[in-house]
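Before anything else, here is the set of structures, which you'll find just below.
Each of the two complexes below includes subunit A, the first together with subunit B, the second together with subunit C.
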Partner chain A sequence: MDGDMNTRSTPGRWFAAPVAVFMMLCFAAPILIVTWYSLMPSRTFGLTGDLTLENYRSAFTDGYGRPLMWSLMGAATTTVVTAILAWPTAVILHRYAGKWASVTSALIALPIFISESVRLFGMSVFLMPRGGILAGTLNAVFGIQIGSIMNTWAAAQFGMIYIHLPFMLFPLLLGISLIPADRIEAARDLGANRWQSFREIELPLAAPGLMIGALLTFVLCLGANAEAAILGGRAVTVITAAIEQRFNYAQDWPMGAALTVIVIAVTALIVLPVLSRLDLNKLTGR
Partner chain B sequence: MNKDRTLSSLAARNPLSRPMQHSSHRRKFLQGVAAGMAAAALPGGLAAQSSRPLSLLTWDAYADPNLLALWKEQTGVDVRYEIHISDPSSVNRLRAGETSVWDFINVNNPWARNVMWPAGLIKDLPRERFEPLYAEMKPKFQMPYKWAMSEDEEHLLGIVQRYETFDFVINPDVISPALAQDEGWDLFNNPDFAGRYGILAYEDWNVMDICMGAGIHPFKEKSEEDIAKFEETCKRWIENAALITTDFVQLNLAILNGEIDMYFTGGTYTTAAARLEGVTELYAITPNSGPADGKGGINWIELNSAVNNPDFQEASFDWLEFITTVDAAELVARGNGNLQPVSQMSNPDLMARFSSEELAAIQWDEFDQRIANAVEFDIVPDYDRLYDIYSAAMRERG
Partner chain C sequence: MILSLASLSKTFGTTKAVDDVSLTIPEGEFLTIVGPSGSGKSTLVRLLAGLETPSGGDLFLREARITDTPANKRPTAMVFQSLALFDHRSVGQNIEFAMKMKGVPALARRARAMELLQLVRLPAEYYSRSVTQCSGGERQRVALARAFASDPEILFFDEPLSAIDYRLRKTLEVELKELHQRTGRTFVYITHSLEEAMVMSDRIAIMQDGRIIQTGTPAQIYGAPANRFVASFMGEVNILTVENKGDGQAAFVEIGQPIAKPGGAYAMVRPEALAQGAGDISAQLTVTQRLMLGSRTQVHLSSETGAILISEIPGTAPDLLIGSTHSFSFATQDIAWMET
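Showing the complex of A and B:
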């Protein structure tokens, strides 16, 4: 019996080898190099200096908590808001849109194929005060004069929601499709109201899709930089901008590396517990 | 000029999707170039054919399709390019091993002499071939020109071409240029302009400008008192900025929309194309005076260098010579729809190709005076400490 198991498992290992090598080279090795750099003396470029934790000490004492807080807050807010927006959209697309569902989905998906920065520049022209498309049109057509949220954290947050909605919507659509219509009917027949039906039936059944959407959105937003730069006018500094500053104008790779390791660790702390609860077999209907 | 059209045309010219700005004059010129190409001989001989394309890590002007087409016509050598994000990020890339990827790099003056050459990232040029090219440039570039040479003055590190003084930009409808030139950097210290200016986040430049605003010579050693003055000015200037961006089109639009009245850092590079389109609300200012030995402006001079590629190809040197020819220098000056003075503008043949409108767009009548009122971009002593103060002020904003 044991021999049979070994015979069966050995080819599996061989088949997995190319992926394992790929992951080692493209995933594990860069993280190892970045981690090693983070232990090098500040503002050096070699990998052979004396090991030090000084960069980590600076990361906790030199005001980097604030950019990390903005990034975490932006990611959390975007995840919640896109989930709230995507749920009814997914329900409508799945249950009521009929033949329009695929056209509507394609229209929502289409912007993903356009560079994020281009879309954000387009949005900045839309939101600009006075001569901007929104403010200018309202003034020209209705004589209404409005201000603008441009160059504020609110604008950056709006941009994050605008950019990341599809990343929540499509996994959620998959999750919603896992809910059998007869379960909801049965719940209603047994006296459940809409809220009970949503909480007891729909939400648990669509949870895998919701979790994948939430993970995608959260992780992408944690690394987002362009929204705060293009729409936010750098009203705040997000952690990726702070990291970029260290690598770039500060020419301080070890400090940039230490901040990167901290962000990876924070991401892992948040994401891994969620991932461990995710049942992909359930999502794929197996 | 119709403001809507200006706005849409400016917005369309964001750095990520910048269309070419061709005038009919330029098309005719290019047709003429194409017709005469068979007879045109590249100085120094035809570039050697190579198995790999010439690879440029460059600011946008040298990626201009017309320039690349002219090069291809003359030499048959293919070119690939990538446009910089910033000087330090490209130096990082060479440092990280990309010397085997690139053949050409152009960054601002101090990087070659003080960083890339000592780190072995660039190759020195044959002096007998390239020094005569300096004799054809504006007088300030005559040999031995400091920024083109290694510190021991033994090695020629590149060819200078685009240059200007890069300080700040105002809306002349709000502030008179004469007043701005007299007031200089103190304009940004004036509480009346708090929330009425932007910052173009070319961050090493911002550090130098804040030094000027704090009354400190950016390129001299700083005392503790100087550092304290810098810190106070830096926090105030960053906190009072209405917006901070790496995209100068956004800042130009903010001036047009009345959101701000001025921004730093800026100059001909950020205003000329819009001014040529008739936007009169943008005006580049170099202060008449300041704390840098009495000067308030800062000049940048791009140095075009050959990367120390282990698989070096002779075409790298040919390219460096090619860009100084009149036809190529004109295309560089107009690179990617912008207008930028070049060192070869001492050549009457080249000058004759610019219209009076174009010269007005680059404020050519006052260009030499602006250059004279400025010191040259150099390495900032205590830069690390000043930059840490600057980036901490950024993190504290908001």
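Showing the complex of A and C:
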């Protein structure tokens, strides 16, 4: 009888089992294997060598700091720029677009369904020097000759902003919708100017959406590779490219694993404090 | 005059929410604007607070034109129907908001917030409490204190008590009236309840379809409603129609009784004025329903023409049983005459 009661009162455990098994196999296990690999001697392929921290030492001394900084800076810049672009867009969509809001949102979301590489190659055709769509049109129609940012750091950064804007916009739209219009009116009525109303009322109330957007954008950008490869023309090496090189060309799995662990650790250090402050119930309206 | 409205109008699309409203509000008055939902009263107060831009007309604060002055530059404060408290801030931060916007130093803000907590009868320890922890009545008080903190010349209230239970509403009505008397500020209050307006106001303005159709003291409006809309808005009253039969002859349609000198096309008779026994105008009426109202009894009475009249009698009225017929009457001096 007692046992029966117990199983009845905890059905959640059974319902959670499929996801739990999936997470163990596809999330926890690979991280464990990669972590273990990172402690193996350089350029070995076995998991039975002597444990060593040599790979981590090289990670900090052999010039991997630069790619990591590029990735962190790129992710941070993208997060800030997309937030600045997405805020007014979200406000307009939520408050003023009316019936056009869903159409506009759909148009913004549409590119997500097209492969990122395809979009980036499309953008590279647009940005190409001389015969590219932008430079060519300006030359043919207005007689203006311009250079191109193709194959530079700026192009890679531009591509990251272009690709990740929707990931900021949609959570932020949700965040903006959490601001009741009467709170802004009350703030204005009590003497707040537009900036004060934004800082004191709108920003804090939309913060859950903004935080989720920022986390998504930041984490995705930290793992982004294609923008630097396709638009940046490897003018900059991002950390993911460095890791890929270790695993592929260099055939140095332990070194690649050590870099991976460092990226995971840095991501966790940045993401977890933010995530712990986030009240997801607020976003789902409970 | 602290506030003057000159032909103020607001149009949304093709609907005239506020239609050519002119009104002057003297300093220190408690003015209540009463109307049913959709009468434009909320839009009117939002125009006064600067939360809406008028489509026409002008607004003056002590002779200074403020028609185009935005809400944050007007020396007025509003208590919203939803209260619009900042849930992400503490009680103290809510109250201090207006002072913070003006750049008042933190210590001075805190001292003033403490005074305001006392003014609205909240304990000092509420200062650091979250507004989400406050009860409905406490939230009302926080909203009130927050509006007072901006030291406004005029306070606007947009039906703040409409979502509150009866007992608490009664308490807060009295407190609001006392607060008005103590602070001497000008209050402009919006409500759909004439009863609420009667309790608190110096003067009442009644609004219908975007227009103000009557203004006056509670006693004036109670005693002489401008038309049947105002009369019926006051609650259950008897409205009788006068039919002119020519040759100076007239009669009440509903009860078939002649009336020698009608003062208007319609007569309002309060339920308490329609009593048992003989009087100026009397009729034989049959009881169709009786309702106990505590200190008095309400009876629904059917006339020979089938019209239903309402009478309220002190006590339990034991003889007025359903189905019994009695003689009822009212005095001509108790009639309020109306043309429309």
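What to note about this one:
Criterion: the second predicted complex is superposed on the first by the 277 of 286 C-alpha atoms of A that agree within 3 Å, B and C clash if a C-alpha of one lies under 4 Å from a C-alpha of the other, contacts with A are read in each partner's own complex, and residues count from 1 in each chain.
The rule we apply is simple: a contact is a pair of C-beta atoms (placed from the backbone, for glycine too) under 8 Å apart; a residue touches a chain by one contact, two chains touch by 3 or more.
The structure displayed is predicted, hence computed values, not measured ones.
Superposition of the two complexes onto subunit A shows subunit B and subunit C fitting side by side, with no clash.
Measuring from the middle, so to speak, at the Cα centre of subunit A, the directions to subunit B and subunit C differ by 150 degrees in steps of 10. Of the two partner chains placed by superposition, only subunit C is touched by A:Glu200; subunit B is not. Legend: residue contacts after superposition of the two complexes on their common chain; A:Gly63 is shown touching subunit B, with no touch to subunit C.
Of the two partner chains placed by superposition, only subunit C is touched by A:Asp182; subunit B is not. When the shared chain is aligned, no partner comes close enough to touch A:Trp14: not subunit B, not subunit C.
Once the two complexes are laid over each other on the shared chain, residue contacts for A:Val236 go to subunit B alone; subunit C is not touched.
The wider contact with subunit A, measured as residues touched, comes from B rather than the other of subunit B and subunit C. Of the two partner chains placed around the shared chain by superposition, neither subunit B nor subunit C is touched by A:Phe113. Of the two partner chains placed by superposition, only subunit C is touched by A:Gly191; subunit B is not.
Closest CA pair between subunit B and subunit C after superposition: 45 Å apart.
The touching residues of subunit C, counted against subunit A in their complex, run 49-51, 70-73, 76-78, 80, 82, 84, 86, 88, 97-98, 100-102, 146-147, 149-150. Taken in their complex, subunit A has these residues touching subunit B: 43, 45, 62-64, 66-67, 70, 115, 117-118, 121, 124-125, 128-132, 136, 150-151, 153, 229-230, 233-237, 241-242, 245-253. On the side of subunit A, the complex with subunit C involves touching residues 180, 182-183, 185-193, 196, 200-201, 204-205.
On subunit B, the positions that touch subunit A within their shared complex are 3-4, 7-8, 11, 14, 16-17, 85-86, 88-89, 92, 95, 198, 201, 203-204, 242-247, 250, 253, 256-259, 384, 387-388, 391-392, 394-398.
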